[in-house]
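Structures incoming, each one as structure tokens.
After this come two complexes, each holding chain A, first together with chain B and then together with chain C.
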Partner chain A sequence: MTEPVNKMPIDAKVMPALTSLLYQLADDDFILAYRGSEWLGLAPHIEEDVAFSSISQDTMGHAAMFYQLLEDLGEGKVDSLAHARKAAERRNAVLLEAVNGPGHYLSAAQYDWAFAVARNYFYIQSKKIRLDSLKNSSYQPLAELALKVNMELYYHLLHWKTWFIQLMQAGGEARTRMEAAVGKVLADFEGVITLGPLAKDMADHGLIEPEEVLKQRWLLIMKPVFESINLAVSEADLAMKNGNGRIGEHTADLDAALATLSEVYNINPAASW
Partner chain B sequence: MEQNQKLIKNALEALHNVKDPEIDTISIVDLGMLEQIEVEGNSAVVKLLPTFMGCPALDIIRKNVETEILKAGKFEKIEVRFIYHPPWTSDRVTETGRLKLKEFGIAPPPQLISETGEWHVDCPFCGSTYTTMDNLFGPTACRSILYCKSCRNPFEAMKPVSTMM
Partner chain C sequence: MSEALFFQEMTEEQKYEQFMKRINAGEKIEADDWMPEDYRMTLIKLISMHGISEIMGALPEKEWVPKAPSLKRKLGIMAKVQDEMGHGQLLLRVAEDLMKPLGKTREDIMQDLFSGKLKFHNVFHMEAPTWGDAGLIGWLVDGAAIITQTNMLNASYGPYARALKRICAEEVFHAQHGEAIIMALAEGTEEQKVMVQEAVNRWWEALLMFFGPGDASTTGTSKQDTTIKYRIRTKTNEDLRQDFFTKYIPRVLSLGLKLPDETMHFDQDQELWVYRQPDWNKFKDIIKNNGPKSQERLGLRRKAYETNKWVHEALNTAN
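Then we have the complex of A and B:
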């Protein structure tokens, strides 16, 4: 339970863009935190298990706060927003719902660490850029939340960037697998960058800067990193191969994830946690 | 008004009994989590700042705040609100808090972070600066794991958190 924040009336014209933005922020963090939690006990070493689960816990905390802002706007209860919405109602990027690799975390998991590193690093960097922009959002509760979330991102970014550069520089199998993972992540990264059909309204209302500005900022920040590890990445590599999650297009991976993560909730949605 | 000041003092004293569920030497007040106490008649609203957003201890803290203030006997209704503005930063930990953390074997958050983002942590046991970082991420979101090369003890440190990050 947090402070009720919406004492100021919100212009009805702003609402669709505002809720659309919040659903994207919440759903992105929610599903990636879930994918992170599936790594527990399977990370390359025990220190990483501690670090990754801590990051996933933070990320789930961020999702909960974005859902809280939606609850404050009358969109429904946090728990139900997180658990009870069907795949077609979700607005997360398709890249973030993709399974960690073949197998299941309970048995025969053959998760791909290279994919985890590339996906998390690229995503956290774009989340950082987005939240830096949100610190100046015209929607005050979101601007305040962005300031708080941003401080925690400092550590997440440091972590994934370190992994990314070290594995990229390691050569051999690490380099080969990392390059494959980067290709896979970029093939759907446009889906992370895009703010969906209402992107223009979001910018016009001052909720967040224009999508194109944020995209160029991401490319600019990543450029020296890519150069330092001798990796050729251009804007043209960013694509949306497996669908646009911002309009509710999703893969079977999301259906399976939702069935698992909402199983307990669905036994008794009215139960208190 | 004076009556309210007395009540706020009463609630504040009670809050000193609410310890961090995982670090039982330090109160949430010394941790810098308390933002405000509002009093109206026999009801109190306590506004707290979470250290990290995903902290699972928040529900326990909420319950302990309610229990301790009720026990102090001046209030019948207590509401705990977690707010994130202003954001909690590690410089909110009080001087007493820094000592209590050390007592527990946790190095307090560094007061200075250099321009490069580096910081130094002294060993809470022997005071040596000859320490290494084992894992930026520790057993809870707000802690890191370090090792002292002087007294050869592993120890934890509170992460520095600042709006400059």
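Then we have the complex of A and C:
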């Protein structure tokens, strides 16, 4: 067998776009998996708790794999990348850092299942499109990883799509809550779609397809779903209301999340845990 | 056909005799088989308590899932707590089948939990204030659970015995996951060593209580005689506690940890561990939902139940 491709020297010109893309992929999955882990024990029923925590675990695993690619490129150790970077250094979409709902994960949590369903469904669909494109990435280790991750995404997507359609079709309070959640998710969904200031370089180097192509693909795939449940959604609804995470703009929700998820790590970052 | 008719013509007493003969011969009882009311009620109580304890048991660990100190530990504890929820689900399905003839469902189990009628295990009422506690729960609480559950692997009730086989296999991984966390701490910095010793001190009494009182004289009631008679379990609470000591005391000591009971020793003549009894009045109080974290954790579950009510209603409409 040949040496792993990621050990090969990478053209210095490609590096900024490549690392930028990897930070987005890793940080998106990491923070959403964290939000998922806060739901543990609080999902609508026990079966869902088992399924949701399995998905969050997969997503955290994907984050770990993306951080590993960054470590291989000399960006630092995976645990330091995941735990020690400040909010301004994070490149995740703002939508994914938003709290699950009022309250704290240990007391008085009043988490919003409608928001969980809409956020996860829309995100996973966009992640699926992104990873399908990455299967042809010019950066071989990323292309290989995309192939592996993709298999799990099929089930994640099926899971959230089932919830989304069922709750949308239930009418009454569920419909009202779901529509409100969709509005909230779309208001920051442009922040998920965007690949940031280096998007053009990423496409030019063949790392991933152009942002606009991926966006249109998402709209195209979602269209029949929205139509089937009589929901009017247009391209103009996609916005970046709470900031562009791809350039390090974030909300207080992320600061609080980082403080929690790195609480033990920060006792002694050099120690072995 | 004739055999079925014959069975219907039997008196309750004859049915009971035949039932006892079956279980004493090592046969398994299945969900649809005839069983004495006492047996059914004992199983419902035991299995629904076991199931709901798995679910409530996710809550003290839940605290540490988002906080786990590395990606590897985050993935490990996520998988571990997911397994516990899975065990809860599996066991509640077994309990639900037993409750069906009584016209009861999972909804009743949840309501009984909220009202305090259905108890959950004493250990899950306790505080878990540090990462050391997260490790200790995996190592010693799951270790204790393996010992009590292994004792029921040959339970006369088939569905429970089969569920336990799967659960025990997974619990072994949990105990290894916990042990790995504890070993890293015990071999780590001074601060980490203190963390793990404090966790041992904090959990010691709860671990002794885990196996239940030695006999009914301690707390007024004990189901162990009934469960032994019906071949659901074989060993007594005290036997299990002694097994736990034999397995874990040497391991605790080998990590350089101190036992929080200076009277503890192995008596060669009696071949028994001699130890200081926990406060059994405190035990009774804890399982009545008066433990340090009982109300907070029940409150968290209750709140989630209320907050998600619209989801249940929507699903009922759809079905």
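Criterion: the second predicted complex is superposed on the first by the 267 of 273 C-alpha atoms of A that agree within 3 Å, B and C clash if a C-alpha of one lies under 4 Å from a C-alpha of the other, contacts with A are read in each partner's own complex, and residues count from 1 in each chain.
The criterion applied here is as follows: a contact is a pair of C-beta atoms (placed from the backbone, for glycine too) under 8 Å apart; a residue touches a chain by one contact, two chains touch by 3 or more.
On a predicted model such as this, the values are computed, not experimentally measured, just so you know.
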**OP:** Give one of first, second, both or neither to describe whether A:173 is in contact with chain B, with chain C, with both, or with none.
**Re:** second
Original post:
Regarding the shared-chain residue A:265, is it in contact with chain B (first), chain C (second), both, or neither?
Top reply: second
Original post:
Which partner does A:145 reach: the first (chain B), the second (chain C), both, or neither?
Top reply: first
**OP:** Tell me which partner A:109 touches in the superposition: chain B (first), chain C (second), both or neither.
**Re:** second
Original post:
Is A:47 touching the first partner chain B, the second partner chain C, both, or neither of them?
Top reply: both
Subject >> Residue contacts on chain A - larger count, chain B or chain C >> reply: C
Subject >> First, second, both or neither for A:158, with chain B first and chain C second >> reply: first
**OP:** Answer with first, second, both or neither: which of chain B and chain C does A:60 touch in the superposed model?
**Re:** both
Original post:
Looking at chain A, which of its residues have contacts with both chain B and chain C?
Top reply: 47, 50, 54, 57, 60-61, 64
Subject >> Interface residues, chain C side, partner chain A - complex >> reply: 55, 58-59, 62-75, 78-79, 81-82, 85-86, 88-89, 92, 131, 181, 184-185, 187-189, 191-192, 296, 299-301, 303-304, 307-308, 310-315, 317-318
Subject >> Footprint of chain B on chain A - complex, ascending >> reply: 1-3, 47, 50-51, 54-55, 57-62, 64-65, 144-145, 147-152, 154-155, 158-159
Original post:
Along chain A, where are the residues that touch chain C in the complex?
Top reply: 34, 37-38, 40-47, 49-50, 53-54, 56-57, 60-61, 63-64, 67, 78-79, 82-83, 101, 103, 105-111, 113, 166-167, 169-174, 177, 260-261, 263-265, 267-268, 271-273
**OP:** Spell out the part of chain B that touches chain A in their complex, as residue ranges.
**Re:** 47, 52-56, 80-85, 87-89, 134-141, 145, 159, 161-163, 165
